[in-house]
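Across the two complexes that follow, chain A remains constant while its partner is chain B and subsequently chain C.
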Partner chain A sequence: MASRFLLRRLLLILPTLFGVSIIVFVLLRVVPGDPIAMMIPPGASQADIDNLRQLYGLDKSILDQYLIWCSAVMGGDFGISISLRQDVVHLILSRLPATLELALSAMALAVVLGIALAIVGTYWQNRWPEAVVDGISGFNQAIPDFLWGLIFILVLGVLWPILPISGRIDPRTGIEFTTQFYLVESILRGEFAILIDLVRHMLLPMVALALPLTAVITRTLKASLFETMTQDYILLSEIKGFSRWRILIVEALRNALIPTVALSGVQFNFLLGGTVLIERIFSYPGIGNMAIGAVIDRDLPLIQGLIITFAIIFIFTNLLIDLSYRLLNPRVANE
Partner chain B sequence: MNESGRRFGSLSSGHIRVYLGGSVVLLMIIAAVFAPWIAPHDPLEQDLISGLLPPFWSSDYDSAYLLGTDSLGRDLLSRLIYGARIALIVAIVAATLAAVLGTVLGLLAGYFGGLFDTTISRMVDIWMSFPPVLLSIILVAVIGTGLHSVIIAIVVIDWTRFCRVVRAEVLVQREQEYITSAVTIGLGRWTILWREILPNIVPLLITLLTLEMGIAIIVEAILSFVGLSVSSDQATWGGLIQEGRLYVHQAWWVMTLPVLCIIASVLAFNALGDGLRSILDPVMRR
Partner chain C sequence: MRLKSLIVMFALCFATVAHVQADDDTLTIAYNVNLPSWDPTVGLSAVNPTIQSIYKSVFDQYVDQNPDLSFKPGLLTGWGWNEDRTKIWLEVRDDAYWHDGSKVTPQDVVWSLERAGHPDTGNPIMFVWSKVANFSIDGNRITGDVVSFEPTLFKWMAFLTAYVLPQNYYEEVGAEGFEAAPVGSGPYMVDQFERNSFVRLKRFDRYWGPQPEFETVIFKFVTDASSRVAEIESGSSDITIEIPYEEYDRLRAKEGLVGRSTPVSDIGMIFINDIEVMEDANVRKALAHAIDKNAIVEHLLRGYGVPIDTLQAPQYSAFDSSISVAHDPEKAKMLLGESGYSIDNPVRFKIQTTRGFKPKDYEMIQAIVGMWRKVGAEAEIEVYEIAKHFELRALDTLAPAAFYNWGNAIGDPSTSTGFAMFGPSPHSTWDTDDLDAMIGPLWGEPDEAKRIAGYQAVDRYIAENAYVIPLLQFVQPIVHRDGIEVTPHVANFVLPQSVTKTN
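Then we have the complex of A and B:
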């Protein structure tokens, strides 16, 4: 049953990706503005321009361009970035780990904080801790990650400068990494001084990304915890004499988590969308920062590669969330 | 919102929020409309010798520039005032257009149901599962930069907020007795929709519209921050932030002032919207 579901979901990925590729390709071909015009030095001859056009395949018809692009993409070749003059796949792969580390850390922080706040709010229902939790969530939700990022830069980076506000690592750190997963690698290699430097750089963008998501998790989970706590099986546990903490965390949380998990796929995608801006604000070298540069430079191959990368991540997040949703909620799996 | 019942003297907290939010919004409107008369300098006038001057609270400030200058010696106060203009234009035009589009589709989907409703609802679901910031940047990449592109991007992305709420509200209103009466006395479907249902969702729309204006201000700031809004020499709050970010260690106020403007205006629109909701909604007024 579960394997058939998995297979069906995996097969669905192909047409989805195909759809994304067509949309991306067609949309970006109708973009006004000529990428070649941005590359040539003033005073270039018409022959030079034509040569460049031919070099990048911009002289062929749109259908031909799509077919050439598609067959190349299938073989893992996204072309050469027009602005950076490097292989698109290589560029993206060298930046993707930084974004993944940032986004996943932010997600983890939001989940831990969100669950903790929801539990506190439920345990002290109708008392002052609940009001504090509601106040924090309300504030978190009113201010978007963009503004959080800017506020953090001003307060913790400039007025009271305790944390670095740009980059991923102190450039004076003379360490050679073999992978781009700096955080993971420094842990595995036991380089804890480096790890601390990495975490210090990541902290502000991570918290800025995590805060709005924390609010969503707190609110959803708190609502479903309230509801779960009125169920009969909870009453039974109370009669059995279990402590309120134990009931809340061991008995109620698992069932109450289901709506939150269902929601967190879309929320993770939102967070990932947020990295585009947050990376820009904190000059963090990930694919989000790169995406804005690519849009400004009208770098079509790079934009296409990046959108497809985002789409692939979105698709796999949704798949993962669906799977864990079924694991948590056997009633869905038995349908 | 249980706090709407709480009262401070003779004013409900809803009224207080409307007055507070409304006065900030009014201030912003005045600054935007009368910018050429209020601003002490031309926002584009450069004075390269007096770049990055500090604001009035600093000892070495220049009395000609109340809030200091940016790196090119342009007056910050004037640039903030002109920035309010762009922010407000985007807020009003984009939010109104998104409201009109979303409301019309939501009314039709909710009232007529059927295939149209299914299609629209499905579209809203898909639309809302995309990260809005990423979507707006891609949209602007496609349609090009400029004020109109920012407005189009906001409308294309945020009509769904209105559509979803209006549709749900129409589904509720449709079952009310006054609609049954209207049908009984023989009013046509369009008449019922425009004359009976629409007026009843106007309070909801006003609230949503006000909140959307706050969102539009942030989106405009984001797009001008990354350099995808109006041309960079025009004064925008997002553009000022982008510039201030570069000099944040030498002149922190260049970035701080526009950030404060954005926070103040967004909180003001939120307070106004929330306050209006508790005042206008007869159920919540209790």
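Then we have the complex of A and C:
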């Protein structure tokens, strides 16, 4: 049953990506902004402009351009970036790890904080700790991630400068990494000084990204825990004399987590979208930062590659959510 | 106990002040743009004026420029034409080395020029470089044939894409290898490049020119203006540029920070398109006379700008202070009245502008529209992105009026008035035969004095007919920490080799 489900979902990936690619390709060509117009040198003649258009294949119809691009993509070739003059796949692969490390760290932080706050709020229901948790959640949710970023820069970067506010690593660090997964690599190599530097650089953007998501997780899980705590099996556990902590964490949490997992997955996609602005604010060298530059330069091959990359991440995130949902809720798996 | 010690150690590491002050020999610059590519001679980035500071730190140009835009020797110690201007000669310096230790040779210079002029290379300024060919080398002297006379050829040798690259190294490693490990002959060598994040440079000890004072230079790519402000304010960077004027005033008032503001080779202007109501000379002239540029500079730009009436800034070679367009609202009303317009019956048209692309661009246009309204002109503002501006300009379909900024780091009139106003140029908006007839002959004018005088006459004619409305010369705000001295450059460069220590 599970393998059929997985197969069905995997088969859906191709038509989904196909649909995304058509929308992206057409949209990019109908929105204002001609990349060639931005490249025209001062003394260019019409022939020079036509040559440029031909060089980038922009002299053909949208359909022809799409078919050429599609056939190249099938072979793993997303083209050459117009502004950076490098292979799009190479560019994305070199920056994607930074974004993934940031987004996954933020997600992990949000999950840990969100669950902890929800448990605290539920345990001390109708008492002051719950009010504090609700207050924190409301505050976190009301402020968007980019605003948190600016606040952190001002407070922890300028007024009380204890953390770096730009980049991924101290530029004076002379270490050469083999992979682009700096965080993972520094752990594996036992470079703890570098690890600390990386974490310090990541901390502010990570927390800025995590706080709004923490609020969502806290609220959803808390509501879910409240509901679960009224179930008969919880009452039975209380009659058996189990402590409130044990009931909350061992008996109630697993069932209460089911809606939170689904929601967190969706929120992770939003979080990933949030990296675009956060990476810009913190000059973090990920694909979000690169995406803004690509849009400004109307770098069509790079924008296309980035959107397809985001789409692939979204698709696999959703797949993972569904799989974990089935794992947590056997009823869904048996349907 | 061990866990506790570990936590304490970790906490101590985090508590360490983040912005460890750069050591005396490291200069950190919070820079406003990313560096897209290391080849300064090809592609879109090669003609991006904002990244030339980084290129000029690593590579040498044929000819260099002083901070006031005057020219000085670069890798060439001498240059010139023969008498009948059918040949050029170039004298290559003998004491220059590539960062890999090999010597810079005249052959490198010839190879760079030939490569730049070859259509397959992708040099955007190929139209200039292809005007000389058939080079021959005799010692350190290069001679080349003039294919098509270009009076500004040697000025272009200090401008976009005019960098000398090492032939042997480039051919050995190829374009990709060069991107990965660029080699130049400039004052700094590339030590580490983290795309979209930073580039770290090390002083090149065999540089032919004066040795830079800082051993290490870090360009941090901080594209967000508020983050750049935070960088300098927190002490994480030593220098930053391109920040809002309000922040500039605030920062320079702070202890430990110094502000330098310099008028640069970047001007704000309103393109006029020869369509609709703009075909009426009275309307154009009235619009020009209605604008109070001094008020815009004083009140909107906090004094950071220089009002101008031609496309030449005061530092440009064809600047003529006698050409002026007075702020005269009464004359503007009269001119509009002659064409049947009044405050009650205003002339209507559209004006396009970017918002946030240049300091106060949208606000400036708002203020100007307000000034126009007072004399009988009603302009509808359309905000667009800069990419849209380029697209419309290339198609010659801009609105009757459109705000733009025009850079011209070599200060030659051909690269401002020439390209902006000559009809066949892909960048012009006003296309009429009268103006083309005046500019056309100047492209190949061999007599420099006559050429400059010709452009001054063109500028006067443009001002009299209001074919374009020049507004102001922008000012570059630079903030740096105390203890260093930054030499501002009219071409808008921030060159680490020109930064010195004061204590």
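Miscellaneous remarks
One rule holds for everything that comes next: the second predicted complex is superposed on the first by the 335 of 335 C-alpha atoms of A that agree within 3 Å, B and C clash if a C-alpha of one lies under 4 Å from a C-alpha of the other, contacts with A are read in each partner's own complex, and residues count from 1 in each chain.
One rule holds in what follows: a contact is a pair of C-beta atoms (placed from the backbone, for glycine too) under 8 Å apart; a residue touches a chain by one contact, two chains touch by 3 or more.
Please read all numbers here as calculations on a predicted model, not as lab measurements.
Model built by superposing both complexes on chain A: chain B and chain C clash. After overlaying the two complexes on the shared chain, residue contacts for A:142 are found with chain B alone; chain C is out of touch. In the superposition on chain A, A:303 contacts chain B only, with no contact to chain C. The partner that reaches more residues of chain A, of the two candidates chain B and chain C, is C.
In the superposed model, A:48 lies in contact with chain C only, and not with chain B.
In the superposed model, A:20 makes contact with neither chain B nor chain C.
By the touch criterion defined above, A:165 lies against chain B and chain C together after alignment on the C-alpha atoms of chain A. When the two structures are aligned on the shared chain, A:258 is found in touch with neither chain B nor chain C. Legend: residue contacts after superposition of the two complexes on their common chain; A:280 is shown touching both chain B and chain C. Judged by the touch definition given at the top, the superposed model places A:150 against both chain B and chain C. When both complexes are overlaid on chain A, the residue A:270 reaches chain B alone and has no touch with chain C.
Once both structures are laid onto chain A, the chain B stretch out of 8-16, 152-160, 206-214 or 224-232 that overlaps chain C is 224-232.
Once the two complexes are overlaid on chain A, the chain A residues touched by chain B in the first and by chain C in the second are 32-33, 150, 153-154, 157-158, 165, 280-281, 292, 296, 298. Residue ranges of chain B in contact with chain A, taken from their complex: 128-135, 137-138, 140-144, 218, 221-222, 225-228, 241, 245, 248-249, 252, 255-256, 259, 262-263, 266-267, 270. Residues of chain A touching chain C in their complex: 32-46, 48-49, 51, 82-86, 91, 94-95, 150, 153-154, 157-158, 161-169, 171-172, 174, 196, 200, 280-286, 289-290, 292-293, 296-298.
Listed in rising order, the residues of chain A touching chain B in the complex are 27-28, 30-33, 142-144, 146-147, 150-151, 153-154, 157-159, 165, 266, 269-270, 272-274, 276-277, 280-281, 291-292, 295-296, 298, 303, 307, 310. For chain C in complex with chain A, the touching residues are 10, 13-15, 17-19, 22, 26, 28, 30, 34, 36-37, 39, 42-45, 47, 119, 124-128, 179, 192, 194-198, 200, 216, 218, 220-224, 226-227, 230-231, 233-236, 384-388, 390-391, 393-395, 415, 419, 424-427.
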